[in-house]
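The same chain A turns up in both complexes below, where it pairs with chain B and then with chain C.
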Partner chain A sequence: MNAINTGFGIWSPVVWTLLFLGVLGIGFWIWGAGRKDYKKNSDQTKPFLAGNEEPDPARLHVSGDHLYWGMTAGLRAYYDRIREWHTGVLSDYFAWFIGVLAVVFIVIGLLR
Partner chain B sequence: MTVGIATAVWGGIVVLFGSGLLGLVYKGFDRKLAAHMQGRIGPPLRQPFYDVTKLMIKENIVPDHAVTWLFNGMPVVSLAAVATILFYLPLGGFAPLFSGYGDLILVLYLLAVPALAMIIGGFAAGSPYATVGAQREMVMLMSYEFPLAITLVSVAWRLATILPGAHTFSLAVIAAHPLWGMVGPLGVIGLVLLLISLLVVTPAELSKIPFDIPEAETEIAGGLLAEYSGRNLAMFYLADAVKMIVMSALVVALFIPYGIAAPLGLAGALGAFIDALFFLVKIFVVIFFTVIVVRVGFARLKVDQVARLFWLPMTAMALLGMIFLALDRIL
Partner chain C sequence: MNALIFNAPVLLIAIPLLGAFAVPLIGRISVPLRRIFTGLIALLTTACAGLVAAHVFTSAAPITYVLGGMATLPLGMHFPIRIILEVDGMSAFMVILTALVLITAIFYSFPYWRRRSGGNMYEALFLLLGAGIFGMELTGDLFNFFVFLEITSIAACGLIGFRAWQGKSQEAAFKTMTLYTVSGLFVLLAIGLLYGEYDGLNIAYLAAHIGGSMVDKIALGLLLTALAMKAGAVPMHMWAPDAYGEAPAPIAAVLVANSQASLYGLFRVLFTLYGLTISVTALGWILITLALLTIFVGVTMALIQSDIKRLIAYGAVSQIGYMLLGVGVGLATSAGHQPFGLVAMQGGIFHMINDAACVGLLFLSAGAVIRAAGTRNLNRMGGLGHDLPWTAVFFMIGSFALAGIPPFNGFASKLMIYESTFRYSPILAVIAILGSILLLAVFVKVFQSAFLGPRLGAPAARPSGWMFAAMGTLAVVVIAFGLFPGFFVHTIVTPAAKALWMGRDAYIGAVMGG
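Presenting the complex of A and B:
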């Protein structure tokens, strides 16, 4: 059923989509059997902050720096170095792209 | 390989509900054994069933600032995504139900979907703790995916060099041709390194200690699950139980796909039954060593420590395993 066959592996997007929708249906059926109600506009709908005052939602904007903090902090040595190479010049990026692609092809060529 | 509609439907129902029940049973063992290791009595083995039942009759609270449809939808999406992986995995000594329709690469991608659903659900909660938890889950996902991908692809690639022309990314083919006996000493060293890498990734995939930083109850009060309650939390709970089966079944399929029926001279229905029981034992052993022992013996890591762990030592170990497999082929 419209399976994509690469010679090494195979997968059918149609079958997966049908399976996913089927299981999603079963999931919503189980979910629907649960209790639906709660006390709207009561204290229980306020975000849990261990008793602290909730900050203004507008101030809770999550920036990219926040999102990637764990990654950049954990690999600080790498990011500090890589930022120096981040020149903003398009031709430099093309050179990096072609250089890395060449290395990848050499590795693939050696392994084939 | 094709599958009949009746087989697909009935097999699918057995796989889905069987794995859900099994996941909850293993969760019971997890809690009981972890309690004994800590000198506690612990809850009864059936406690996870009580938990799900109780959550289903508790209020399903939606926080004030939540994006309601995403907040309610993501727990079910998470459960559905992880449950569909079961159709592509060999279970109980049997070939995957839909082995002709998906392979290892699909499983690799599908493993990321439940985590993505949790991230979206966490952000949709509109709560500071949940936002922090979602951010941590995202960093975790970006950290362990690389060594996981190297491990899975290395095994399939090495098999492709031994079985040219076969669908070596198919888990049915991988499980039917264990690599241990098909490679030389260098290949065995490579496989051991890849196995260790996958065993370390497993608790991270399952967000278990020492990688439970997205939830971190004692620190951010449950993180991305802080605002979830009732039936929504029950869905995440079930997804977690099923994912435990999925990850351990993946480890078994890649590295310990052996049965005991053939060596014991058993065939037919009895042999299949014995192999199915042995599969449950293998699943338990994987869960015991990657989840239970680890979560009792280790403290929680910080998110930057997790990023460093997976991007440096674990990626290096997985790459070294791949290089050993490549050398085994070249020399």
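Presenting the complex of A and C:
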């Protein structure tokens, strides 16, 4: 009752979830087998920064615009064009609307 | 009880409509009383939606409700003259979707809007919007469809610009209202053309007589473009990020259901009104082309947003593409009735309710985040997971579901779309999968920016009880639909898909007889 037919096969999320939980359990078992003789809340559990003064944690946060900058820079030609189209000007919104209407009319008009 | 079930379709429109006009009056007496009244109206409406859906899904044929009479065709007449509500599997499916979004959004709104003025009008417009959406989904009459479309437009734009002290809200409401008005006029023009040709406005009557003439084609072009624009299909989507971004968070969730009601109207026109009278392969490819553009442009635009609500809005736009893709392939294959076409339809329609639940959850979570952070700019957020752990979990559930990560609901519907569209043309599935991968990247960005990292300021305010309950309800729906997709596909999705794909004759027969 929980599975669906996708046309190519079957998707059963309950089976998938059980397998996922099994794999998660194995992961925890491996993690639990690690060393336990470290000193909690000591320097042993802090990130190691060699020599330098530790910066303010707020300055270390990677904010939204810093993620995927490489990807967006690589696609600059596409993004320059697509940003140009999103002008925020109402008359441009109408231009797109009328443009699509014209294309739809042509396609439908050609149909028998 | 039988009378209640019999009258449930009209009550589903009448209760929120009358409630909308009563709310400002009750609000003058007492604000807490008004909230209780609005909550009761929402609960009653949801109960009616449940009754309508249960009745339709257990009936063999669509159910009809005639206002001012009993028979769809008055004695001795060959065409319907009264206002008729006609509810088949697709309408019932849409009613469930809308009720789910409305009930969660209104209860979220109570604490969300508590400290703001204008609660009377907010709740009145909210209920009016709900009545309009239900009307669009239940009516069997094209002119009434237009009337309800206009009701939703007016109420939606009132709510988008409800923060009257913000210039951007006013600008977004103005832009949306102008586009909605022009698209509404196009819909009215199309209805006028069909009325002039066939002397009727009833959808079943028109479907029985429509022949595919040039006038029919012009009407189809107008309806298709206007409804696709209201649904937010690229390149006519540009109002959507403005509207979703500036509307209050719970209203943004309801606007998603509103867009999907327009999508429902588009599907009703293509499958039921026109059927096979015009080349379905070509019409299917129009939908598929719009779908591919919508997926790709929506998700790539989401990637570069730094405003959390505009980002989710572009994500929501991209999801309209998946629905158009599934149903477009279903339309293109509807003449040959190939089995994968039905799976594509099921995937597209299943994705509608999945999208409403997970985009709704994302908008509600974003509302809690914005309240806590005091900004919508992702570059100024960080570390909110320390103070809002449950909001972070809800946001993660919504993000994973929308990006199609198993075992959440978005994966089930997207898998059906990928595999069935692959059978039609592999490149369609490739673009759809690429869109999902990019969408996951988009939400990784939001999660990292907003919830992870060190605290950037004072401890953030947590969402109150009703906000938490609304988000929790949608999260449970997302998980339940993901873990038990077979049950929901069998119970509500397949009847909806079959009602469109092979139910045209039954829809016509329920009104015209024979």
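In this text, the second predicted complex is superposed on the first by the 72 of 112 C-alpha atoms of A that agree within 3 Å, B and C clash if a C-alpha of one lies under 4 Å from a C-alpha of the other, contacts with A are read in each partner's own complex, and residues count from 1 in each chain.
Methods note: contacts are C-beta pairs under 8 Å (C-beta built on N, C-alpha and C of every residue); 3 or more make two chains touch, one makes a residue touch a chain.
This one's a predicted model, so the numbers in the text were calculated from it and none came from an experiment.
Of the two partner chains placed by superposition, only chain B is touched by A:55; chain C is not. By the document's definition of touching, both partners, chain B and chain C, reach A:8.
By the touch criterion stated above, A:67 is placed in contact with chain B and with chain C alike. In the superposition on chain A, A:36 contacts chain B only, with no contact to chain C. Looking at the shared chain after the overlay, A:28 reaches chain B, while chain C stays out of its contact range. Touch criterion met: A:100 reaches chain C, while chain B stays clear of it.
In the superposition on chain A, A:111 makes contact with both chain B and chain C.
Residues 1, 3, 6-9, 11, 16, 20, 57, 60, 62, 67-68, 71, 75, 111 of chain A lie in contact with chain B in one complex and with chain C in the other.
Contact residues on chain A toward chain C in their complex (touch as defined above): 1-9, 11, 13-14, 16-17, 20, 57-58, 60-65, 67-68, 71-72, 75, 78-79, 82-83, 85-86, 88, 90, 92-94, 96-97, 99-101, 104-105, 107-109, 111-112.
Per the touch definition, chain C reaches chain A in the complex via residues 174-175, 178-179, 182-183, 186, 214, 217-218, 220-222, 224-225, 228-229, 235-236, 238-239, 242, 278-279, 282-283, 286, 297, 300-301, 303-304, 306, 339-340, 343, 377-383, 406-407, 411-412, 415-416, 418-420, 422-423, 441, 444-446, 448-449, 452-456, 482-487, 489-490. Residues 1, 3, 6-12, 15-16, 19-20, 22-24, 26-28, 30-31, 33-39, 44-50, 54-55, 57, 60, 62, 66-71, 73-75, 111 of chain A are the ones touching chain B in the complex. Within the complex formed with chain A, the chain B residues making contact are 12, 16, 55-65, 75-77, 79-81, 83-84, 87, 98, 100-106, 123, 125-131, 135-136, 138-140, 142-143, 156-157, 160, 165, 167-170, 221, 226-227, 229-232, 234-235, 238, 302-308, 311-312, 326, 329.
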